[in-house]
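For reference, chains read A, B, C and D in written order, and residue numbers begin at 1 within each chain.
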Amino acid sequence: MSTSYHSDAAAPSSMIADINVEATAPDPRLVADLVAANHILFDQNVVDAFGHVSVRHDKRPDRFLLARSMAPALVTAADIVEFDLDGNPLTAGGRPVYLERFIHGEIYRARTDVAAIVHSHSHAVIPFGVVNAHHLRAIFHMSAFIGTETPIFEIRDHAGDGSDLLIRNGPLGAALAQRLGARPVVLMRGHGVTVAAPDLRQAVFRAVYVDVNARLQVQAIGLGAVNYLTDAEGRAAAAANATQIGRAWDMWKMRVEGKL
Amino acid sequence: MSTSYHSDAAAPSSMIADINVEATAPDPRLVADLVAANHILFDQNVVDAFGHVSVRHDKRPDRFLLARSMAPALVTAADIVEFDLDGNPLTAGGRPVYLERFIHGEIYRARTDVAAIVHSHSHAVIPFGVVNAHHLRAIFHMSAFIGTETPIFEIRDHAGDGSDLLIRNGPLGAALAQRLGARPVVLMRGHGVTVAAPDLRQAVFRAVYVDVNARLQVQAIGLGAVNYLTDAEGRAAAAANATQIGRAWDMWKMRVEGKL
Amino acid sequence: MSTSYHSDAAAPSSMIADINVEATAPDPRLVADLVAANHILFDQNVVDAFGHVSVRHDKRPDRFLLARSMAPALVTAADIVEFDLDGNPLTAGGRPVYLERFIHGEIYRARTDVAAIVHSHSHAVIPFGVVNAHHLRAIFHMSAFIGTETPIFEIRDHAGDGSDLLIRNGPLGAALAQRLGARPVVLMRGHGVTVAAPDLRQAVFRAVYVDVNARLQVQAIGLGAVNYLTDAEGRAAAAANATQIGRAWDMWKMRVEGKL
Amino acid sequence: MSTSYHSDAAAPSSMIADINVEATAPDPRLVADLVAANHILFDQNVVDAFGHVSVRHDKRPDRFLLARSMAPALVTAADIVEFDLDGNPLTAGGRPVYLERFIHGEIYRARTDVAAIVHSHSHAVIPFGVVNAHHLRAIFHMSAFIGTETPIFEIRDHAGDGSDLLIRNGPLGAALAQRLGARPVVLMRGHGVTVAAPDLRQAVFRAVYVDVNARLQVQAIGLGAVNYLTDAEGRAAAAANATQIGRAWDMWKMRVEGKL
């Protein structure tokens, strides 16, 4: 166990100074979508007061956008902060930032194919991170992106016993990214789940459907041996569904805008 | 495995041209009911952003009405498209149509007694399509129409391994219709369920109550051996309940119209 | 099997003529409470479009009040009908009445201590009517009135196989009342539950909490052997809770009146 | 069994006279927070019409604030009553008070570190109070405060069989406090749960997350052996989360104020 994983016991949300580098204004539509993503994830019960969603900066791949530390339901455009991949804020202006911003920075660093990340404690998924008898895997076509297996990040392997289970620094974020590997989902034992995707709408879609999949799995496992999607089915169905994202996003966005 | 089941990898919703045959204006009240059916199924959590409901054209039995490709919650009368039984649109006007319209066309072709169909991914039902130890069957009188057994459509039997699980062409739709046989419900392994009925209100009723039945079955199975409805009870109760549809429909319709 | 249990296959809601006896105007506050009871039971998810609640007439113990055949959520004062204990309407005016009004009439006849009855298909309770391994019994103090056992009415014992599971005539209602005995709850296999109480507010309270109890029991049974309330605890807690009804009723009523 | 535990069979809510000692006006912001706490607990489904939350008086540690006997959803500032640790009201003005105010008084007496208490019948937790095979313990970091074990208060040990399960007097309250010991949570067999915390916001947070933890545990246990938080992880995560309370409280408060 490397002691480099043990940061000073900082507050889970940190008031730290912005680094002194020039920020880059992102496309306002991307910011608006990120705000909507926060609201959708809350409306869909994926996040509660906790959990966060980020998107890679559209103009600089070495930056990402993430709300300041607050409940997702309350996020507005003014709350979106620019970060570098080390998790340093550029535009927080002294407002607290999420302790676990390292989840986002390190995955963006490790995965050039990823442009959006959701970290949640969605309830149906957590049981799959704390048992060995059954593994989270795609049970129906809508969650085919999960594939046939999902890695579990065990923080004890990196921070020993006695951690607070939080990804509170770069080394832990890098360890999580390594465990995620090339996959879209990594479970975090005793904590939650992190979902990665090529764009924001797919990240939100995946965060919703990984939770649905988990709920269906629990029910099915209670009935007996389960006939899951094969690898080949998973790949084919995931490709087909990737073109469906807009239908869900548009409806979810109308709901949070009070138009439905 | 016949390769005729493997269509070109088209987008799940297709922008295809209307065929050049004359459309027939349906009764506007039937269109209004189909719009309401879409909203009711969403309000009752049978469909989410995905799933669809159709009705056989009131003036031409070789046509059916189905919304263009969109979330059911957002359907309006202007979104209803006329199709022939091969799944060709007559009035889409270039707007995308559901890839899985073949579910509807082929069942209407195979079943002259069916005038409405609901395809959904309703959560409680999906587990019954992926296990063998327990079978979806009527557990209480409100879902007596299910009977004592429900066929499961296994797409691997027709498209081999590696399909995307979607009913993306006529041959697959015909295979599904064959598996449905003369019954009201067919489960689609790793995908969802399709429900058929003699009219639209019964189709919606059945879609709702097949989901309720599945939820009750999961709970009951967890308690022990279940005393299900017999064949005779199923037929008698189904006949009695068929006269009750209006009470549920009227209440559900008032809810989606904001009058309740 | 006595054939007296087999009525003509009437519609589940019957349009029958009022009997030609003088009706008695009930206290309008009782009618208002009965309307509220209908709405509360729907708001609390005890009934959906189906199920019904009645109260014994305040001026004539040989009459009871029950809505005409309709969804409980939509009931208004004008929909309340007076019945005699044989289930004959006095004030239906040709509007359809519930087929299963015999549940109410026969229990009022058998039980002079009962002044209100709820019949529902509440979801959590139905599994307990279709299994033998576990019995519905009080798991916490709020549902102490259930006691340590709950009878199950098996309609096959009276109408043989092939009934539609409905209490469609006096003899079946009397058989149900006999199975209920002196207890507050009787499960109806493959159908639902009927709850009886000394007054309307307690009937609604019991209908809500029998459903809660069932949900808790299913969870507890999944964890292991359950430490239920004893007979003595049940009686003591039921007596204590009977004085609490007002607190729940008032809050539930405010909700359905849109004041909360 | 000491007969001192058997009070006269009083009504669960008692109309008793205020004791004749001078009340002390609490900070109005504390009262406002207590009102909000009542509404939040109802909105978060921790309490229904039953259950209560109190806070130690900010000016006098030998007093506490608790609503008069009513549904939490309806509490206003005018309903908050001052009590001494014996459960005697000072400002009830003849309005009924909760029978179980002794839960609060006795825990405040035994625990100088506790400044807020929630008593609820939250549904997910009740099963853990009635089984021995599994124990309520922290399954994820948000409920780390629970630790690795939770005491169960068995009222039969104090009042024998035949009690109504209510903490209806000081001796029973003291027995409950003793069972709680130095911990944050005590389950009450066949009744509910009581949660204690250093301040009101943490008490509400704990009441919500003990319920979430229970729900997750039931799902996980159904999947197999569970990898729970260790003692060390529990302590570290609880300390980290204690700084997060504000984020949840602010969002929950906005919901009950209709601002979200």
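Methods note: a contact is a pair of C-beta atoms (placed from the backbone, for glycine too) under 8 Å apart; a residue touches a chain by one contact, two chains touch by 3 or more.
In this text, all values refer to a predicted model and were calculated from it rather than measured experimentally.
Colleague: Interface check for copies chain B and chain C. Shared numbers divided by all numbers used: above half gives same, below half gives different; which is it?
Modeller: The interface is built from different residue numbers on each side, given that under half of them are used by both copies.
Colleague: Centroid of chain A to centroid of chain B, CA atoms only: how many Å?
Modeller: From the centre of chain A to the centre of chain B is 34 Å.
Colleague: I need the residues of chain D touching at least two other chains; which ones are they?
Modeller: Answer for chain D, listing residues that touch two or more other chains: 222.
Colleague: With chains as vertices and touches as edges, which is it: line, ring, star, complete or other?
Modeller: Graph shape, chains as nodes and touching pairs as edges: a ring.
Colleague: Which of the residues in chain D come into contact with chain C in the complex?
Modeller: Interface residues on chain D, with respect to chain C: 9, 11-13, 48-50, 69-71, 73-74, 99, 121, 123-124, 126-128, 130-134, 161-166, 189-192, 218, 221-222.
Colleague: Can you list the residues on chain B that touch chain C in the complex?
Modeller: On the chain B side, the touching residues are 139-142, 144, 212, 215-216, 219-220, 222-230, 232-233, 235-237, 239-241, 243-244, 247-248, 250-252, 254, 260.
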